[in-house]
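Common to both upcoming complexes is subunit A, partnered first by subunit B, then by subunit C.
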Partner chain A sequence: MNQKDVAISVQQFAIFVSFYIIGSAVILIPSLLIIQAKQDAWVSALLAMVIAVMLTFGYGKLIQMFPDKTLIEMNEAVFGKWIGKAISLLYVTYFVFLTALVTRTLGDFMVTQILVQTPMEVIHLLFLLVGVMGVRLGLEVLARTAEIFFPPVLMFCILVILFLLPNYEVENFQPILENSILSIWKGTWTFLGIPIFDLIVLLMITPYIKKEERPRLQRGFLIGTIGGCAVVSIFLVLCLAVLGVDFTSRNTYPTYILGKRIAIGHFLERIEGIVAILWVMTIFFKMTICYFASVLALAQIFRLRDYKCLILPLCYTIMVYSIISIPNMSYFRMIALHYWTFYVAIFGAVFPLLLFFTAKFRQLSAKKEQ
Partner chain B sequence: MNGMNVFLLIIATVAVILIDWPEVRQARTKKQMIVYFSVLGIGVTLAFLHLLDIPLFNPTNIIVWLFRPFVG
Partner chain C sequence: MILMYRVSVFLALVMCICLMSGCWDRRELNDLAVASALGIDKSKNGYLLTAQVINPSEVAPLASSGKKTTVSILQASGGTIFEALRKLTRQSSRKLYLSHIRVIVFGERAAKEGLRKPLDFLSRDHEMRADFYILIARGTRAENILKTLDPQENIPANAMFLSLETSEKSFAATVVKEIDDLITEIVSDGQDPVITGIKVTGREEQGMSMEENLKKVEAPVRLNLNGTAVFRDDKLVGWLNDSETKGYNYATGRVKNTVGNIACPNHQGNMAIEVMRTDAKIKGKVKNGRPIVDIYIELEANIGEVECDIDLMNLSTFTKLEHMLNKQSEELIDMAVDKAKEFRSDIFGFGNAIHRSDPKGWAQVKHHWRDRFPDTKVNVHVRTKLQRTGTITESFQKENVK
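Here is the complex of A and B:
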């Protein structure tokens, strides 16, 4: 089956985008941002949202230039065969590494919070096998699954926000803008690293959007980005309002702790499972999209007819790196706070900018020659 | 090293090849076979070395090394 026969709608793509952003960010970002920007973390989140919108516009321009090409095909078309392939191989390593990291964050969460006695490898393997099944079934099936999961995710978000209303403490936000602008920017920089620059992965699935809906793609991308960022920002504000700066910055998974704080009367308590379900649902899509992108990128670099035979072999590498790449979550937090954004900025901003300007330059010189 | 883990790794690899074989053969191209067995070979080797407790190339260390000058 030719993958280009597969077609998803813009609505499904928008859901993918928002799930992709919510995926790892909703549970990891509040703590990381509050460490950097303290009670002004919400300003950092707003700033990151503005940059995310601008970045989405930029990606939209690239998609408009090459509507039928994935990121890997764009690289080859613009940079030529060898440089394009070299950059694409770097992208493959990034996609594989990202898939491994996403799997690891889920495994660590499960082992420390829910399935305490279960070996992490088992959780990774089970999660990856579901991912393998998703990628084998294809993008259309994944998109329809995302559509089915969207209402429950939205409902769970609204429920958590409503149930926590009695616990809000406005004093937790004060004093406003006490910290330096630099600390706010550091928070924004961290937010850009975890879900925003990662959005480049989605350029691997844009050619599979229905042709007749392509004009609305930019709008769908924007809506998905704003929706995803808004959910993450709302949970960040909830963490600040309910848990405060100290408690949130000391916990790796403050959003999960939020669920434990819900107490309506004496009959609705400890519904942290809802937060866990919400997160697992969304992170599954992030992992599967990254996995799909890795396999498809590899198949396109080597010009294979079908990507499906590479799914299971790649699972070994992802499984090993999900275990060895991060020794523990403290190390992960250190990497995420200080180093990760620099790394993803190369793939999410530097290479796409280079791609855009080189393509523009080539277009202009071709026009001049004519 | 746990012998049972190595045994499971071998079983899993055989299962993967059996599952993928129809698709790999259907393609009928040498390139597809080479890419398939290269990716599988890299994965199995990494898994085997990990089971032997041999330290593997870790991308996070490279990231830290590369960007330390920016972080200070």
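Here is the complex of A and C:
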């Protein structure tokens, strides 16, 4: 089976992008950002959104240069066989690590808030097994699944926003811009690490977008990015407005607490379970896309005809990695706050820039190949 | 090939049965002891935890025998709240389930020593929701509050929860306080918390018995919301009485509906005014090193009761009454502010108000706010809009005078 026969539409891609940004960021970002930028965290989020849009244009340029190539194939085409493969292998470690971390995010969340006595391994296993199924069935099925889940996710997001209306307190934002530019930038920097720079992973699936829809790809990418960032930012603002600076920064999963705060009269309450499902859904797509990218990247590096034989072995790797990569909660928060973005920036900014300029320099592009 | 496919699908489904048989953490309703209230007291080496647990069979309307009490009390002490909570299982056949807690009562002594430490567990545990209210047992231990049966409500904790909610809504002499707000206020530099007090009237031992307390028209022992506890940081330092609490509620915009009396202009009796809606804003700044706070309040009120002969059809009467009301509310607030200054406890959040509108000024006073707070200049501006007179206009008191 030639994998490039698979085709998804731009609309499906845009939904992927949105889910990809929302998943895991929406439960991690509010408290991480508010710790750093206090009541001005929304400024950090807006700033990050602007950078995300710029980044989307940058990635769009790369896609335009090599519309039929995945990131891994681009590396090889531009840097040559050996250096290209070496960089690609680095990318594979990053993809696998990211998949493991996303899985772990979900595991930690479930074990802290909902299934307290359940071993995290069980949650990871069940979650990954669904991922295995998704990746085996291929990109088209995943894309259609995302399309089906999109309306309910959107609807619940809007409902949560509306149901919380009675609890908004504008005072929580005052005084505006009290904190230094540095602390606001620190918040933005964290947001860039989770999840903006991760968008590079999506370059693994752009070649599968239908040929006739390619001209609209840039627009779809942009809409997806803005939509995803907007949802995360809105929930960040909700946390600020409803829970306040102090409470949000002290809580591990403030967006879940938001669900607990919903109480319309005495009948519409205790719906935090639904809010949790919302996040699980989006995290699932982020995990599966990363998983798919890891499998595909590895297959392309070693020029395998079919990537399916890699699915299960990688599942074991991710499973183990998701458990051992983070010893405890405070380690995770330390990494996320201080180090993670530097690591991701290498893959999300440095290598793509290098790729872009080397390609320009060597005057390689799709046109010339033809 | 088709057979193989079918077999493998069958096997997959069978495996699904193993995995999806249920939730790992399932807890059946008949294994749970549903706690309705927790009481926290100081004990020699930590905390004495009292749990009011619902007896499900007695709460169910059809199955209840009427012979057993609807709730039972479990008690254990431990170095930490969590430990005490788990120790309760030694007395109970079921594990305590905390998600349905309506109120948490702190003993006065525990509150005097500080709430910071016990609050941590209540905020950290995943089973605790944030929708319960917090009360302080005034002049007694929390356990005595939880042990009192209520003649109206099956579950005493519900009685406390509902009476707190109702009295906040329609009398405004109590303060509903949830844990999140409480913690935020304790942690905040520019605000200190207040919590409503609760008291047992009558002989406490009588209140624990169904025979003595529930089978009489006038229950000899009752729970009574009484006063408001003022905290400095997390430690109880004093109490506000009803009018001071009202003043506090006016100033912080918590009054939804209340009744206040004013003397008739001609001193023949009283008038009751029902406040229908309020809106409060606190603005603060620091001027020449001195904190200045302005409280702006808008009241909408109706006349509820008239004992004297006044001309309600006359517009100038209304203006006069509005002036009187303004003055009275200002006095209430001033009283509360004076009390707060006496306790050196910024219960109104003046510090936060200054922080919001004058961040630079706040930076000057922030570090010794506790000492600066008492010499804050507080200006109260009340604007009352008196609107309706109820279903009748002129009072028939006029006829009496003849």
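Quick note on the criterion: the second predicted complex is superposed on the first by the 363 of 370 C-alpha atoms of A that agree within 3 Å, B and C clash if a C-alpha of one lies under 4 Å from a C-alpha of the other, contacts with A are read in each partner's own complex, and residues count from 1 in each chain.
Convention: a contact is a pair of C-beta atoms (placed from the backbone, for glycine too) under 8 Å apart; a residue touches a chain by one contact, two chains touch by 3 or more.
What you are looking at is a predicted structure, and each value in this text was computed from that prediction instead of being measured.
Considered on the superposed subunit A, subunit B and subunit C are sterically compatible, since they fit side by side. Of the two partner chains placed by superposition, A:168 touches none, neither subunit B nor subunit C. In the superposed model, A:122 makes contact with subunit C only, not with subunit B.
Touch criterion met: A:340 reaches subunit B, while subunit C stays clear of it. Contacts of A:243 after superposition on the shared chain: subunit C is touched, whereas subunit B is not.
One geometric descriptor of the composite model is the angle centred on subunit A: between the Cα centres of subunit B and subunit C it reads 110 degrees, in steps of 10.
In the overlay built on the shared chain, the residue A:113 is in contact with subunit C alone; subunit B does not reach it. Shared-chain residue A:324: touches subunit B; no touch with subunit C. When the two complexes are overlaid, the chain among subunit B and subunit C that reaches more residues of subunit A is B.
Minimum Cα separation between subunit B and subunit C in the superposed model: 10 Å. Common to the subunit B and subunit C interfaces on subunit A is no residue.
Against subunit A, in their complex, subunit C makes its touches with residues 19, 23-25, 123, 126, 129-131, 180, 183-184, 187-188, 352, 355-357, 359. Of all the residues in subunit A, the ones that touch subunit B in their complex are 93, 97, 298, 302-306, 308-310, 312-317, 319-321, 323-326, 331, 335, 338-340, 342-343.
Subunit A contributes residues 112-118, 122, 126, 171, 174-175, 178, 243-244, 246-247, 250, 257, 260-261, 263, 269-270 to its touches with subunit C in the complex. Of all the residues in subunit B, the ones that touch subunit A in their complex are 16, 19-20, 23-24, 27, 29, 31-32, 35-36, 39-40, 42-44, 46-47, 50, 56, 58-60, 63-64, 66-68, 70-71.
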